[in-house]
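Structures for review follow.
Note that chain A is present in both complexes that follow, paired respectively with chain B and with chain C.
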Partner chain A sequence: MRKHLNRWSILTLVFALLLTVPLWVLVSFMFEPTNDNWTHLADTLLPEYIINSLWLMLGVTIGTLLLGVPTAWVISQYRFVGKSVLHWALLLPMAMPAYIIAYTYTGLLEFEGPVQTALRTVFDTQTVNLWFPEVRSLGGAIVMFSLVLYPYVYLLARTSFANQSQSVMQASRTLGAGPYKTFFKVALPIARPAIIAGLTLALMETLADFGTVQYFGVPTFTTGIYRTWSGFGDTTTAAQLSILLLLFVVALMMIEVWSRKQAKYFTGNAQPLNQVLPKLKGKHALAAFSLCLLPIVFGFILPALQLLDWSINVASTALNAEFITLVWNTFSLAFITALVTVSIALLFLYIKRLHNNPIIDQSVRIAGLGYAIPGTVIAVAVIIPFAWFDNTLDSWAREHLDISTGLLLSGTLFALVFAYCFRFLSVALQSIQSGLSQIKPSMDESAKTLGANHWTILKRIHIPLLSSSLVTAFLLVFVEVLKELPTTLILRPFNFNTLAVRAYEMAADERLADAGLPALLIVVTGLIPVIILSKMIGKRHA
Partner chain B sequence: MKTLFKNSCLLLLSCTFTLPVYAALDEVNVYSARKEQLIKPLLTDFTKQTGIEVNLVTSKADALLKRLESEGRNTPADILITTDAGRLHRAKEANVLQPVLNDTMKKLVPEHLRDADGYWIGLTTRARMIVYAKDRVNPSELSTYEDLANPKWKKRICIRSSNNIYNQSLVASMIAHKGEKATEAWVNGLVKNMARKPKGGDRDQIKAVAAGQCDIAVVNTYYLGQMLNSNDPKQVKAAQEVAVFWPNQSDRGTHINVSGIAVTKAAKNKDNAIQLIEFLLSKDAQNWYAEANNEYPVIADADWSETLKSWGTFHSDGLNLTQLGELNSKAIRIMDRAGWR
Partner chain C sequence: MPELIIKAIHSAHQKTDILNGISLHLKEGEIGCLLGPSGCGKTTLLRNIAGLHPIRGGEIFLGDQLVSSENTHLATESRKVGMVFQDYALFPHMNIADNIRFGIENYTPKQQQERIATLLELIGLAGKEKRYPHELSGGQQQRVALARALAAKPQILLMDEPFSGLDVELRETLAQQVRCILKTEGITALMVTHSQSEAFAIADSMGVMQQGKLLQWDTAYNLYHKPNHPFVADFIGQGVLIKGTVYSCSQVHTELGILNANVCNCFNPNEAVSVLVRPDDIIHNDDSDWQLEVVNRVFRGSHFLFTLKLNNGEQVLCMSQSHHNHKIGSKIGVKLEMDHAVVFPLQT
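Moving on, here comes the complex of A and B:
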């Protein structure tokens, strides 16, 4: 180990430790004695939490893969009518917070909703006992998560498929493999790290969700954590439960690392430019078109229409100047956070790439643990150390300088952006890493031989080659922050509102109609970067 | 990329140093678990009347309490507002409040709606009532909360999740009156009578009764009030299909909770905070609560909204609300054991 202790590794480790202070706050609770709330949980709810969380993960895995991979393949390999719109429209569901889509589908499909009411009118319910699937159930939650989380898989898989050298595909076709065989034997294995990276993100987000499972009455880890904290007022047990949840995540990450180690593929020529993709016609084009349209309709258009329907009733009174402030707050917060997070992730991964060093590897891995911790837990784990720092500094200043520094960091936007960085760093790390892993290490070496230093390599080789991954990372973090609720709700400064907070406050008051407008605006605000950035990626790979 | 990073750092730093400058102005800082739309209009009026600026952050009660505890003597907050007595009690126990009860407040607010030592004061009350389907239930079938465990209600009751604080408080009040053992038996019976697994909020329970999934539901008063006054005709229609029943009228009375207010121990604007509390207890403010959200005013001479008037007066449980906070954990454990999810 000693030989790995150099300037870089120590610096990286310290930086990673500072960035993950909330995690260490949580871990510190592990050393507190467990109280009888644990025994109570183990006797009553814990098995259910674990089983539900596992089912949820399994279901979301299947759902996001089915929706994300085939669409990514079709979009990246063929030309067909409508593709120019579909290729970015497939990202739209990403702008839809899971708890919002849950509300809209409940509104549409519940017993009292328009769909079932219409069915009851058509069929005489006195004679026919209609069975209708219950939306607010475990199955319903799986469908909701799959519909809004598949874009992670789609986005990373598409980037990977598009970056794969066409010559590999052509070689496969020349050797007599059909399109299906090429897909399963060549393209899929090469894209596997990217697909699993996307899937890991989707699953981590699923594990961290509170709003949806709470509304659907599906007890999972997050509802349990919240219930323990809020109901028993027991921060310790809640923190210990969060650590248990983290074990799930560590397992996920190990699977991901393992899958990446299993296959270290680098494609020879990562510049698939000037490549004319085959054009689909007739029923093939129709099939590709429908395949891509389906997730958009159910993940975006239908719920957005429901939101629009709710918004129209209130728009005349609710849409005022205050909403412009809300949109601006939300947008700028997301922009700053995305910029900071992507920069930090790039820094980490670059150091990691240059220095083959286990300490650095582990530091980076630790830095990415935040994503699966529920926002509420992170927020509390940020409040505690920040307040401690402020108060300690204040006491010291009062004693030695006779002034009060008050709260420097607590209750500021800095605390909020810090919490986001911790939570979403993993998102940036995953997507940049999946891009980075496709750049041959030999390129770095050739460049070095030619006298280029690290910065030149980064600037002239990595950033141009990585740009689509960087854009993807930026976009993902940006949209995450737009939708983020609990962290914002808990850490925000005085008089600072975002669209998600507004939507939540209306929804929590069970005023879904009033929640529709801010929710719709989240989606619209999210659309702007989705479209711009997709155009950028599109140009690169058109 | 380097300059981008530097710029964003600068931007962040400037945010850090420009935001928390609150101290010098004539102002009061509020941590509120009441949602913004249910408090902001009153705060705006307060500023108009007194010139005192109000800085507001709304969040979940537990989070605000955590913030207060961690920030300690440096907390910027002068005031804590919650929507249940249990959390106020928890704040008092956590030693982050100070008593501010004065003679005016004493005169205005009935004793059981404020802390015995003056640490917090109720601003409005809400009752947890029973609503029933007009066409399927004869109100003479209904009597008490206890009766909800009666097998005659099998598969007929809708009630939301036990995660909800109002259900926790209801069970806690049952423990206070009947003891743990009787409450456990009652919760077991109630769970057996549920028409479906608990899901959705209180409005969803009302809608389920209207749609025929269940015959009765236990909900907070203001949700029905909001539905009756909604601009969505479907909600109004669903709300009109149900009628109100006040349980336990012949004994202890219907279970109530408060939304309340307290002044923090470290308040730097204590006088302004007290002024704000007195403002929120004024007749105009109390009328607003009733009119805008169909909550029951705590002061005697406030005007009720038409909706509240239409439900009539009722006898409410005089239990000291502090007990709800004390018994909350016990209530949750009982619900967990009974399988109330």
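Moving on, here comes the complex of A and C:
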């Protein structure tokens, strides 16, 4: 290890540790004694948090598997009318944050909403005794999460099904197995690691969610953390709850890493053959088409129409100077964050490329840890050290200089951008790394042998080859910031609002129609990564 | 009773014709091999037999059962064919024993165990049944794929370029091992490959395909010595075509002199033809008066392959022992050793 200690590796390590300070502060709370709030929590609410989280995870597992796996199978194995659109349209629900789809279904299915009104008209009854399932419930939350998170399962399962060498399935047929045995004994088990990897991603999103469960009144860890922090101002207990939640996340991460490793074995040396897939006709084609259309309609089209309807209704009054400020605030915040995050990622990756050693490798990995940590937890973790720093500096300044420094870090945009950076750095790291790894070291070397200096190599080779992945990284972070709710809610400066927070506040005030416009804007911007994703897949298949 | 009968089959991919009227018989226990360049349709033919690709016309019989015709298509899983795929297609999530077991799950557990043990012994992987495919070398994976395909004693074993993923040095040894295994099991087999050395090592009879047509189905010896088509002559072994003129019913006149050839039924007197000259038809002999100029030479270790210039400028190949280190430009003595010349219509 010692031989790897040089200027660059130490610098990178220190930088990575600084960037992840919130995480280490949080971990230190593991050793802090618990207080009365914790005792109270453990006796009353904590069991409920755990049970609700487990139910959510179980429900979302079933829901995303049911929606994601059959669609992936049909799309990867057959040709049918409409497939060329459906195969990417199935990703559309990714653009819809869970809390936003929760608002739309509440609006659609409430007593005054279009569905119940229509039902009453059909059954010719104006009375209230028509039973209707309550959307704002644990079951409702499971449906909402399943509708927007199944694309993770779909995407990974489809890739796995498509990459399974056709010959493996044909081998099964030559050995006497019919289509059913082939699916359940060959195709599905081979895809299993990929499906589990997709599922763990969906479950991590479920655990990280704050907006949906808060709105539906389903108490889970995230709402508990928020409540402890904002209601009681008890950072210790909030931090300790966060650690408990992180244990769940770490377990999921371990499953994910394990299944990705498995998946690598399972694809083995198989070469996918370029074969024409069988074409479905008649009722089979119709069944396949409907199967794939269903999740798109309920996960994207219906909610988007509802948002559009709300937006049009309130457009005349809502489109005012205040709204423009809101949009400006949100977009400039996302722009700055994306720029900073991409720059930091680029810096890390170039140091790694030029001075590769195990310490730098690990440092980059540490810096990317934030992606798994729920936004609520990150917010609490950022606010603790920043508030401590501000308070300490302020009291020192009062004592010695007789001035108040006030809030320098906490309660400023700096804290917010820092938290986003920590959370989304791995998004940028991954997409830039994929671009950078295409620039093989031998390309640099061959350019050098052709007489190019560092500057020429950068200008003529790296920048052109890297630009598209830089833009991708930028857009991905940009949209993540736009969608992010709990971090913003907790860390935003006083009187500073974003689209997500506005939608949340309006919905919490039972003014769903007013939530429509900001939510619609988030969803429309959220389409950008979906388009990027489907293009990337298209390119890989071409 | 032949195990495989193919009668004038046609096969197409979308609107492109792949196979045009191919016919073929394979006797029980016989190992056949289809040779041809990539894109000649040989893999499609294999897939037609396996039922992985439908045919548009003609008939395929396995044993006495019609399995494919224009209107018949027996599902792959009901055909009792075994197939070894180019990428082996081993099930990555099952160990070796389970891979082999897959096709014989209707056997009793005891029978399964016995069959697996026999096959593992046969392929030399006894004791490795708990290993997973990714833990094996390419050659081992290849043999497991073979064992898996053989487990249920299929009517016919189909092999699609089974050795193409392996090191060149391994191929021929493995091909001989596979032949040994197939003969032990008494299995009828059809393999496709583009490598003649693999075909020679494994097959009893073989055919050369070109652009969807089977040009010649014969023994290796006949394909080399009596090719019926210039493409076959070119594809199997080395050789060149030189110009000739039909001299009489049994003779052709060429720059090499008058050669014996049976040309009665195919050509008219004085017709211009092409004559195949193999490197082993022209023997280097230092004592010979017949001297030809060396225009190129390739050292092959055990021998030299010389390119020699005839007086009219045509070139022929000549093999010699490898200590005959003649320089380019020098003249060397040669002798002709050709019983019967192979004659084709004039090739341009």
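In the analysis below, the second predicted complex is superposed on the first by the 297 of 542 C-alpha atoms of A that agree within 3 Å, B and C clash if a C-alpha of one lies under 4 Å from a C-alpha of the other, contacts with A are read in each partner's own complex, and residues count from 1 in each chain.
Here is the rule we use: a contact is a pair of C-beta atoms (placed from the backbone, for glycine too) under 8 Å apart; a residue touches a chain by one contact, two chains touch by 3 or more.
Quantities reported herein were computed from a predicted structural model and do not represent experimental measurements.
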Which superposed partner A:497 touches (first chain B, second chain C, both, neither): first
Partner chain(s) touched by A:363 [first = chain B, second = chain C, both, neither]: neither
Touched chain A residues, chain B compared with chain C: B
Touching partner for A:489 - first (chain B), second (chain C), both, neither: first
First (chain B), second (chain C), both or neither touched by A:168: second
Touched partner set for A:472, first chain B, second chain C, both or neither: neither
Interfacial residue positions of chain A with respect to chain C in the complex: 165, 167-168, 170-178, 185-186, 189-190, 192, 265-271, 276
Residues of chain C defined as touching chain A within the complex: 13-14, 50-52, 75-83, 85-93, 102-103, 132-134, 141, 145, 148-149, 151-152, 158, 165
Of all residues in chain A, those that touch chain B in their complex: 37, 40, 43-45, 106, 110-112, 136, 214-217, 219, 223, 226-227, 229-233, 235, 313-314, 336, 339-340, 343, 346, 376, 379-380, 383-384, 386-388, 390-391, 394, 404, 406-414, 417, 463, 489-490, 492-497, 501-502, 505-506, 508-511, 513-514
Interface residues, chain B side, partner chain A - complex: 1, 4-5, 8-9, 11-13, 15-16, 19-20, 22-23, 29, 35-38, 55-63, 66-67, 70-76, 90, 161, 163, 165, 168, 197-204, 207-208, 210-211, 213, 223, 226, 230-232, 234, 238, 328-329, 332-333, 336-337, 341
